[in-house]
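Next come two complexes built around chain A: one with chain B, the other with chain C.
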Partner chain A sequence: MSLNYMIPASKFKRYLPKDYVELVDYGPFGKKYSEVGVKNMGTYKELVEEHPMCSGCWMSYYIKIIFASLPNPEDTVTIGTAGCGRLAISQAAVPFIYGNYGDQNAMASGITRAFRLRFPDRQKDVITIAGDGGMMDIGFSMTMHAWFRREKFTTIMLDNEVYGNTGGQESGMSVEGAVLKMSPKGKNFGKMPAMQLAITAGCVYVVKMSPTNINKASKAIRRAIFAARNLGPTFIHVYTSCNIEYSIPTPDVFRDAKEKEKRSFCI
Partner chain B sequence: MYLEMLKRKKKGRFAFEEFMTDEAKELFKVVEAKKKKEVS
Partner chain C sequence: MSLNKTLVDMDYLLNEAPREKHFITGAQAMAEAVKRASVDMAIAYPITPQSEVMHLVGDIYAQGHIKEYYRAEEELGTMSAIAGAARGGVRMFTATSGPGLLRGLEAIVSWPGHRIPCVLGVLTRVVNAPLSIQPDNIEMAYLMHSGVVMLHAENQQDTFDYTLAAFAITEKVDVYIPVSVSTEGFFVTHAKGYVDMMDEKYAFTEVDPYHAPVPAMDNEVPPARIQRDAPVQKSNFMSYLIHSVWQQEIWDCNSRAMKYVYQYLGGPIEVINPDADVFIVASGCAAAQSREANRYAEEEGLSVGLVKVKCIRPWPRKEINDALKNAKTVIVPEHNIIGWLSKEIKASIPNGGIVVEGPRVYGGMTLPVELIMEEIYIALGMDSEKLQA
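For the complex of A and B:
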């Protein structure tokens, strides 16, 4: 696929926003994935350079991986909703649409269909990125119905097992017995089986992971996007801890992700 | 389908759970073959 239409003519460069020109000259715009991607992170201008997330936030790390893994960042649109994640997602040099709480998958359905009508000759990727509250609690019906309708876009759930942005209430994805600031008695029931729900609803590619391996995480994201282009809905359920609400010291965030991967982030 | 996947999974290893339909499997084969061709 030619990405030449992203490259501005040399005489027009000075009239264009500096950030855009830099993304063409030093960033991933118009380049092959092998030249940029997660393996080369730190050597080129990334799509997310700054974000206002907490120190040691595992979610912001994964969001950086998402944007570094995009097969076609020039033609990608992300959709999110209220929650911590959108603070970093909205800082990326990729168009971001902010949905009302929980309606990100309903919006993505409309946008995907509109893109296919408006740009039949161009591959436009739509990705919804939201937290466990936006995806599995408040946005549950819209998420499920988008999958039942076999809408062709990728859904990524950033599961931090808590409503981190509003003070620490339990979510449907919190583990059983979790004691949080706003649920002092502990949660009475277990995690919702998001992966099983996605498979039952008709997702063609589903992954559940804790992103401790950067290459594996990137491969899953790219596979999900490729499958969504051609076949149907895809879903990635990823553990991205909230080190503030779960009181994980910043240096221990990676260790927590490793432990979670082996112990409880499973069926 | 999901139970089949669980059976295949090795006991005690939960590092990465992946499910894909047969169609998706075929698609990834094509994508990876293309990638190998480009590299060589």
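For the complex of A and C:
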């Protein structure tokens, strides 16, 4: 049903928004990854097109990769929280739940279990996508406990090492010494060890990366989603710089991502 | 369900299914209602010793009456997971109390706007310092402004009936917001009372997630939620307008729940001795003590009326106005320091000056009938020696 429910009756089609009809006709729904996916971006109607993110935003680039990598977009629900990311995620043509602050992994626990009760023989993918503040600060307990409970969904942390959406405050994932709002003398402790925490808490597939290679990034996302279907919680910790708060000129955003890849975000 | 249940509608379940008398606690009464409500999933967080409800619900999950159950990390996690699961199209239940309710409140106040149908048990206890686990229903004041439908049970029987009715009310298409069932911790949850219950082979018809104003978010039914550009994300007039009309609709949903309060509970208030000059108006456990005061007064040949308020939201303004239209004095006993019920009543009737704000007890104190009687004697102009006797 999941594919058919979005396909309008032919006579009704002309009353629907053009964007909707184009998504149904030329979008990735029901198509093989080899026909669409990240390699063919630009040749089909993508799930995320326009978005209100800042010029040069590395996070919006990665969000486009996430949605181009979904193995089953017609049967996927994404969940996020307050932060820059949801501004683009909510523009994707995939059902998105904008929950309360940091509660994405608790909400995903509930909906994943509900789907398994109601559709025991079908696969519905649930993916939480939130920033470092949402995952590791305000949502820390709910993130960790979903992993401890072995909830079968994918968690993607968009780590820009700062509270970007609220104006550049220190987060638990900011680097030691970073001078940010609320750390006027520099942050006095280092990044929280998100990867180790995920491994300790029982994530079955964990990746830390700076997504400089689109194919590698896509492969990690797809593997995380596939593994979560049967094996357990999966986690992708991805560097998505905030070029505004860290004052990275747009032409240098990719260079910055490469440098991070060599240092703290090697895959 | 795996157990051989006879699924029936709520009218049959509440009014026609044969019942037998049991002697059980309020916590058991709530769990027994959940057992008969075809609940799909319950999410628990410990609030013992204040209430055993979610233990007992765990037991009935183990017996097969509920399909899924787990202990969450804390209350905000519980209430958030309820919001996720309800969007997945399953019937949900949880119960909490006092500080737990306040910890979960951020998620709870968003449930109505998210159109989350679910039932929340609230077994009231102290929330403020000095910390205590004792009964006190001040927490209900916070819930009153959330948009949630609020029922307040006087005793074990009410707890059973209101909890069952709540499952029907929350899923009505023209309501479709959460329903809370409150009762006083310890005084009701731990004390035993007689409860007439139907056999557990009877259960409420299973949830239909598509019989809803906002269908389940399961990628199964039109309208497909692939239309982009969520306007609420914006800072412009459209986003303000959407928020405001949506919230107006939530409070309209709340008001529309009233007809189901009539259908399942026989109305939002119960009135005894409607022609009296002096009335006691109370809800929950205070209504039980007020009932006693009413009986004392009758034994003493005094004419005192009683209005029991079963439903705090939607607020029965019209019904209370009608019941009190000839009252000279209205006494409002409460189990909290702020007097949220007396404030509501004062604001509802044209002659709010007749409301006596009290007696109030809090922090776990019991509400002696004598305290209510004293107010009755004062209202009737009797001397205080009567009280000493």
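Basically, the second predicted complex is superposed on the first by the 241 of 267 C-alpha atoms of A that agree within 3 Å, B and C clash if a C-alpha of one lies under 4 Å from a C-alpha of the other, contacts with A are read in each partner's own complex, and residues count from 1 in each chain.
The criterion applied here is as follows: contacts are C-beta pairs under 8 Å (C-beta built on N, C-alpha and C of every residue); 3 or more make two chains touch, one makes a residue touch a chain.
Owing to the predicted nature of the structure, the values given are computational and were not obtained by experimental measurement.
After superposition on the shared chain, chain A has more residues touched by C, the comparison being chain B against chain C.
After overlaying the two complexes on the shared chain, residue contacts for A:Phe115 are found with chain C alone; chain B is out of touch. In the overlay built on the shared chain, the residue A:Val38 is in contact with neither chain B nor chain C. With both structures placed on the common chain, the touch criterion links A:Ile127 to neither chain B nor chain C. After overlaying the two complexes on the shared chain, residue contacts for A:Gln91 are found with chain C alone; chain B is out of touch.
When the shared chain is aligned, chain C comes close enough to touch A:Met107, but chain B does not. The intersection of chain A residues touching chain B with those touching chain C, taken from the two complexes, is empty.
Residue ranges of chain B in contact with chain A, taken from their complex: 1-2, 6, 14-21, 23-24, 27-28, 31, 38.
Listing the residues of chain A that touch chain C in their complex gives 1-2, 5-6, 17, 19-20, 23, 49-50, 52, 74-77, 79, 86-87, 90-101, 103, 106-115, 117-119, 124, 141-142, 144-145, 149. In the complex of the two chains, the chain C residues touching chain A come out as 40-41, 43, 67-68, 70, 72-74, 76-78, 80-90, 92, 106-107, 110, 209, 217-222, 224-230, 233. Listed in rising order, the residues of chain A touching chain B in the complex are 34, 195-196, 199-200, 203-210, 212-213, 216, 220, 223, 226-227, 230-231, 261-263, 265-267.
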